[in-house]
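Provided herewith is a single structure, encoded as structure tokens, for subsequent inquiry.
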């Protein structure tokens, strides 16, 4: 007879990704990749146990936390411009017991030159100049590497799609996530929409 | 310097869930839980390494395969009425090197009485009488257990929601997945919709 | 050679429905049927030039305004519990030059007994007891009449659907509107979601 | 006491737009603008009673039929490359008693030079070279005119958006329609998705 689910000192004792949004420490105005979008991103990243992942524009740090848990022997480099937000990412890693994330406070693409380990995977969640960042990232990306990027605006959707073409990325995929949640408002369960987001992926061959 | 992503004899060497639909063996007319919906289901199931999961109405077997990979020391029981479909699930487990799945050919809720190990988690993907199955499943479910069910029709959405109320399930959540994919048609990338699906979850406390 | 589009003293000189939301007078906290949803509602109402329409829970009055414009020789009765909101509806009718709307300040279903003209069509946009209102409305509805109702919560979706069954409504249709708009935020055009809404329609035969 | 809704010899006796898809004559493989998308298109076209509208790539003819009904004193020019499809449009106009539609069998943008009446409004529903057509259309468009275009692919979404910028179109709007319908399958009502479509609008000022 199996035991009931074990309690744990950690706030999220599960191996399946998708930590509820409200379990993360948050700062007002700092973007957070919502649970449903995060699941699609992690899936498109195609992680292995020992993957080296760069996460650029890491915001609240939900991707570093979840990727750090999946890649037990891997290494996550989270790049974030803002000092206070960089600390938020560290706080969230501590909260979920994640120890294989390095937070770099710096501005992409300039700060990428200082990173010593080239990545298998890059997650591009934002940044002022998405074209430049994507072009630079592509140089550092290992063969058979993969970039997954999010776009919430038409401009970013274009920019990423065009830059993937320019870089001759292979297997380019675009998925749009349009999730509705039923949320409790008083006595009712009201349908609310999560703002739609596009997720673009592309592979590097050589 | 890290090595490039390793090749593998398995068709899916990654630890992040979300195996592409086309990598599964399929039979015409047999339902398959699409990748994007599967990610939401796995996340709502909140799996641990040693979870015992019952998957009722397992269809193509995508949930047993992905859950079997996440729960390394766990056990997945896939229940499927149809003989040929039960074999399809076995084929897909073999294909992805998953060895901790037992396929039971039988009809829920009757066949549940024969199962010797009560579950921590139940995934309910279909079935003629969803109310009866849910009521029976609840009896076998371990304390702190959790049921996740999908609904593609208004009738099933009602039935599951009402039965959760009747059973006094806690933390009931409903999410609707409305995914659009950009698919290649000739020279164009055309937006296509994945049919919307509702995912309902509820916890048992004692 | 045709003349360019004529200017007009009215803020909306067009015959096609779908007045932009921001052209209506609004009060904080008072619900407004958004343009995209309004189009679906008006279409499902199947209006004729001389239709008598009851609009129950009329809120900001967007449906009375648009229906009043389409039914030139018809009559729209807008029912609204709140005094201030009833005045808002009158203001919006004046603003768009609509003269065939009567605003009744009262509470459905009680106030329906005072209405002297039975309706061809009923639009049900809210109300505390949607089941009771729907049952009462059905009694007053003319033969070959039609009710169109909106639901933003699972409870209302159930209640309306079940009451249509109970009343043996015919040709019941359910449509869910999930609209995304591209809105300007600074220099970017960001995709934002309009909260999803269900629109249910049913016909009375005798 | 009002009379019940009148019967009519026409298949659609209503003034509100949104004729059900199945009432149109159809040819296999010929695109049809679905009801929910059509409502958004007609609304964005901002039609007046005497509007001259060009509909380019008219397909099954649903827009000419509905616009012809709304613009009683206007004129709709439907342009369609294929001979058989041009006849389909004529059949559908006859079916709904619409007499103010002229069907031109020809290929845009070349055939536009032969049209003698410049348009207030242009609806662009397809075409091999959407950039060229949009540039040519803009020359013929009357001051204060408006173009509404649909895109089902990322390429068309880009092409239209960029050409609107190049032409300095004003008040550019993008709406994405993601409609789910509940359809009867056996004894169940199953949620099905209408493929998402983008609708872009832009105004010409001088």
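In order of appearance the chains are A, B, C and D, and numbering begins at 1 in each one.
Just so it is clear, a residue touches a chain if its C-beta (ideal position, glycine included) is under 8 Å from a C-beta of that chain, and two chains touch if they have at least 3 such contacts.
In this text the structure is predicted, and so the values were computed from the model without any measurement.
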Any idea if chain C and chain D meet via the same residues, over half in common, or different ones? same
Could you let me know which interface, B-D or B-C, is made of more C-beta pairs in contact? B-D
With chain centres defined as C-alpha means, what is the inter-centre distance between chain B and chain C in Å? 40
Distance-wise, how many Å sit between the C-alpha centres of chain C and chain D, to the nearest whole number? 25
If you average the CA atoms of chain B and of chain D, how many Å lie between those two points? 42
Indicate the residues of chain D shared as contacts by at least two other chains. 154, 174, 176, 178, 180, 182, 189, 191, 196
Across the complex, what residues on chain C touch chain A? 152-156, 178, 180, 182, 185, 187-198
For a test of understanding, state which residues of chain D touch chain A in their complex under the given definition. 154, 157-158, 161, 174, 176, 178, 196
Would you pull the chain D residues touching chain C in the complex into a rising list? 1-2, 4-6, 13-18, 35-36, 39-40, 42-52, 70-71, 117-118, 120, 142-145, 173-182, 189, 191
